[in-house]
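Both complexes below contain chain A, partnered by chain B and then by chain C.
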Partner chain A sequence: MQTLTISDVTMIYERPRTHERFRAIDRVSMTIEKSSFVSIVGPSGCGKSTLLAVVDGLIQPSSGSVQMDGRPVTAPGPDRAMVFQEASLLPWFTTVQNCAYGLECQGISRKEAQQRAMPLLEMVGLKGFEHCYPGELSIGMQQRANVARALAVDPDVLLMDEPFASLDAQTRELMQSELLRIWDQTQKTVLFITHQLDEAIYLSDRVLVMSGRPGHIIDDVVIPIERPRSLDIKRTQEFAAIEQRLWDDLRSEIESELAPATAADVRS
Partner chain B sequence: MVTGVVEGEVWDPETLEARALSRVLRRIKDRERVLVPTAALVVFLVAWQLASTFGLINQLFFASPSAVISSGYHLVQTAQFWSDFRVSVIEFVVGYGMALASGLAAGFALGWFWRLRFIFRPWVDALNSIPGIALVPLVLIWFGLGFSSKIALIFLITFPVIAVNMYTATSSINPQYLRVGRSFGCPKFRLLRTIVFPSIAPFAFAAARIGVGRGVSGVVVGEYFAANSGLAYRLLQYGNDRQTGLLLFDALFITVVALGAFRVVSTVEKRVLHWRHVGSHSAFGADNT
Partner chain C sequence: MTTASEPVIAGERSMRQRSRWLPKARLVYGVSGVVGVLALWEVANRTNLINPTLISRPSDIAYAAYQQFSTGTIWGNLETTLSVWLVGFLLASLIGIVIGLVSGVFRYVRYVTDPLLNATNVAPDLAFVPILILWFGIGFKFRLMLVLFIGIFYVAINTLTGVKNTEGKWLRVAKSFGASRMRTFRTVIIPGSLPYIMTGLRQGASRCLIGAVASEFIAGNKGLGFMISLAGSFLQTSTVMFGIVLLALLGVILSEIIGRLEHRFDSWRI
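After this line comes the complex of A and B, so read on.
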């Protein structure tokens, strides 16, 4: 029972003025089972967000394809919804208007869209803040609203692009366990991007490791820790061992990125 | 005694009198933002009046406040004053209205379609950077002396600044918001309505506010060169006649009307962009969960 198949996706960009071409991601393939939680980790600038944008249909890959249940993805669709990295709530809409936005884009009436958004706001713990503007919410609350907006369109796959990157450590941990609770309730397929190794392990059934640019998959780790998971598992031996393995995968990538700069420093 | 032993009783800062006093002081402190400038204005006016009365300022060059007030008192009772007022207001409303509507539309088009921007931007920038008064001879050749030449002048002075502000705003819409719209499959027209227009609305109002100042100077310049009525035409006349009391009153009146127009734009802005005027407390309030 597969949901999302990414096969041989390559993304080549051309720099605007120099016309220099560079490969952002290189032949990335993966199959993501329905209702599973899969994370992608990798050094910054490795093309994780590009891959997610391809899956969402926001950009077209240079070669390769993405398929949902066997149907090719060519544009954004209601079967996938993105939770963006930064503050991406529309500041001129209240929380409930923001959450209803995706539904309204599908042509559902404002009234019905807002009615359908309400229970999701409650699920993410924003009851009582429906009529606040994003400027009145903390960053953590904004990201909750962001999650609710994506869930409101009832997608099969939730695409999350470093959604907790700008939160402080305590809030992030809290949001991680909230996300697991929501995932458990909704049974969505989640493709989650992060550069926090512990976040990826704690949340996921499977963690894929991407190399530095051009990004390709260098490791595929199944997380055998049983669910439901408490935050305490982050301090277990098993958890540390997986984190060590991921770190070993990434270390050489990060070191090779840094290498040229170091050599130059030595020469000067 | 500072330590406060009064006739064997410990002086209690919480006595009724002390509380009443501190309340008065606090009330004064709360109104400081109004009281201080008002007091400064009063001091300035008194000093000006005294300087005039004791001959430090020649009345022929600069009227005293009392002379301004008495000239104004007589002026507002004349029919001519109000017909001048009407003429100027109509010029402003028509010229500014045309400049605002077309400036917003043209600026948006230049910001949205980069080819248009490449073609027309230098012209709009050039028009925006030359002083309006430099255009007077050309406008007089085109439109002659009369209503249309004044409207043309107001338009030429006001339009470019609005257009420039609009194309800058339109070409710098946060791409993240557009990505959100596209990700949710938002149809193009709805994207304009729900993301593009709200993004540029604050800049449109800023442009409208800057445009008020430009529009008023357009009225003044227009009436200096191509009019036989209007508040600014009268300003020039009073100057020629050395009637500084009337001149200053007229200038003050134009200023007040301009400020009123400015206020109208700000009020509409506050109504329309109410989302911008909430949540200023959130930088310090709201816990981070």
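After this line comes the complex of A and C, so read on.
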């Protein structure tokens, strides 16, 4: 059983000009079960992406640790793959070359990597676009390729950093149900970051709410809605009640974010 | 959805029809501009508005061109200039790209090369001529070195800028997938800085041509630069201006060739 454990992760940054130190995230802990879908919501700038980068191993936390099944994470590894925000495909590679990239990085030959990427492109609905450059794809298709690229390395955990943020409302809903279908097929563990409350509820088994800076977990909501879920559940009472609870959690955070900065912002 | 066979009402013009006419319009207006200026110039000359000894007529320049080509004297000069340009430019490109890439990738190398490149670049290149003559004499070696010297900084600085501007998000992708340093260099840094490198090559090519001509002004007994300066001292204005026209044409052709190369390299740029 592969579980992802985040324990007491704190991230402190220093402002380059003033050398003031500030806390981006503050003692964040969570345990994520294998094959579960967990979302983190929070106001913008609360350190959600920072947390994800720590889990991926791209940056080291100031204190605390991340563990995959008990083994500490210190660098990016093949057991985790990141789906970045928009436009992270390498523009000089075709769709299939992009999807094969992670495998090639692991030392698999170009030919085999591309062969293994092909079925994933089909799974995300990009059959026929294998040899297009990212610039020739719509943003929605680019994000599909992005998902396929992460899936290609067959990771245990998929880290998704607001992958649908730049899509229009219709495409986003479509991608949400596609993602659920893919998640169901692959049984990956997903850690999903978003600021869309309905997106988080619709997709997840569990939604964690992060406060404004310094980000820490202020609520942990299990979503009891049965799967498979159709988009219609977004209009049920149950859904609305959960959305209300999350919104209540966040309201005070967002309001304090709008208020002038206080000394708490810059305490080290 | 409506089909393509939408009835077109008289007077309706599709966008495509308009855009098909535009490139032609550019050509027509461009050519008429050049022809118009030449005609005015010729007329002004013939009516003695301009002194023909100082600025020759277009017809005289055309005659000078005819003479140069029919006697064949131009070929030797052209060959001399182009060969020193070609060797100098290739060396400048090669060394410049290597300096730019290495300085871009290794921070400590950059700390060393950055001030050197900038200082040498802002100093007027021709101020270095006496030193170059001192080191290399006044033969082919001197001319080659001047060409190399003038072109190399443009290539190196543009390449360095390209590496420095490689987008962080692409580097993050490489890091996240565990790409080795060499793979990151090959798959992200090189393609990411290619547009800058090509700009550097294009600027470098024309700078090198300046270097080639200047070196023949200073030292040489052959080449387009030598031809121009010799004709100038004999008041053969039309030959001088023919030389200028030829150099302009060469510049255009060379930058067109590099432009095409550039296009081949980044077909992904849409």
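The rule is simple: the second predicted complex is superposed on the first by the 258 of 268 C-alpha atoms of A that agree within 3 Å, B and C clash if a C-alpha of one lies under 4 Å from a C-alpha of the other, contacts with A are read in each partner's own complex, and residues count from 1 in each chain.
Keep in mind that, in the parts below, contacts are C-beta pairs under 8 Å (C-beta built on N, C-alpha and C of every residue); 3 or more make two chains touch, one makes a residue touch a chain.
This is a predicted model, so every value here is computed, not measured.
Engineer: Following the superposition defined at the top, how do chain B and chain C come out on chain A, clash or fit?
Structural biologist: The answer is clash.
Engineer: Between chain B (first) and chain C (second), which, if any, makes contact with A:73: first, second, both or neither?
Structural biologist: neither
Engineer: When the two structures are overlaid on chain A, which partner does A:58 contact: first (chain B), second (chain C), both, or neither?
Structural biologist: both
Engineer: Comparing chain C with chain B, which touches more residues belonging to chain A?
Structural biologist: So, of the two partners, B touches more residues of chain A.
Engineer: Using the superposition on chain A described above, determine whether A:46 touches chain B (first), chain C (second), both, or neither.
Structural biologist: In the superposed model, A:46 contacts neither chain B nor chain C.
Engineer: Tell me which partner A:123 touches in the superposition: chain B (first), chain C (second), both or neither.
Structural biologist: Touch status of A:123: no partner.
Engineer: Please work out whether A:102 is in contact with chain B alone, chain C alone, both, or neither, and reply first, second, both or neither.
Structural biologist: Touch partners of A:102: chain B and chain C.
Engineer: Between chain B (first) and chain C (second), which does A:208 come into contact with in this model arrangement: first, second, both, or neither?
Structural biologist: The answer is neither, since A:208 touches no partner chain.
Engineer: Touch check for A:84: first (chain B), second (chain C), both, or neither?
Structural biologist: both
Engineer: For chain A, what residues appear in both contact lists, the one with chain B and the one with chain C?
Structural biologist: 56, 58, 75-78, 81-82, 84, 87-88, 90-93, 101-102, 104-106, 133-136, 153
Engineer: Of all residues in chain C, which touch chain A in the complex?
Structural biologist: Touching chain A from chain C are residues 169-170, 172-180, 183, 187-188, 191, 194, 266-270.
Engineer: Would you pull the chain A residues touching chain B in the complex into a rising list?
Structural biologist: Answer in residue numbers: 56, 58, 75-78, 81-82, 84, 86-88, 90-93, 101-102, 104-106, 132-141, 153, 167-168, 171, 174.
Engineer: Of all residues in chain B, which touch chain A in the complex?
Structural biologist: Contact set of chain B toward chain A: 176-177, 179-187, 190, 194-195, 198, 201, 273, 275-276, 278-282, 286-289.
Engineer: Flag every residue of chain A that touches chain C in the complex, lowest number first.
Structural biologist: Chain A residues touching chain C: 56, 58, 75-78, 81-82, 84, 87-88, 90-93, 101-102, 104-106, 133-136, 153.
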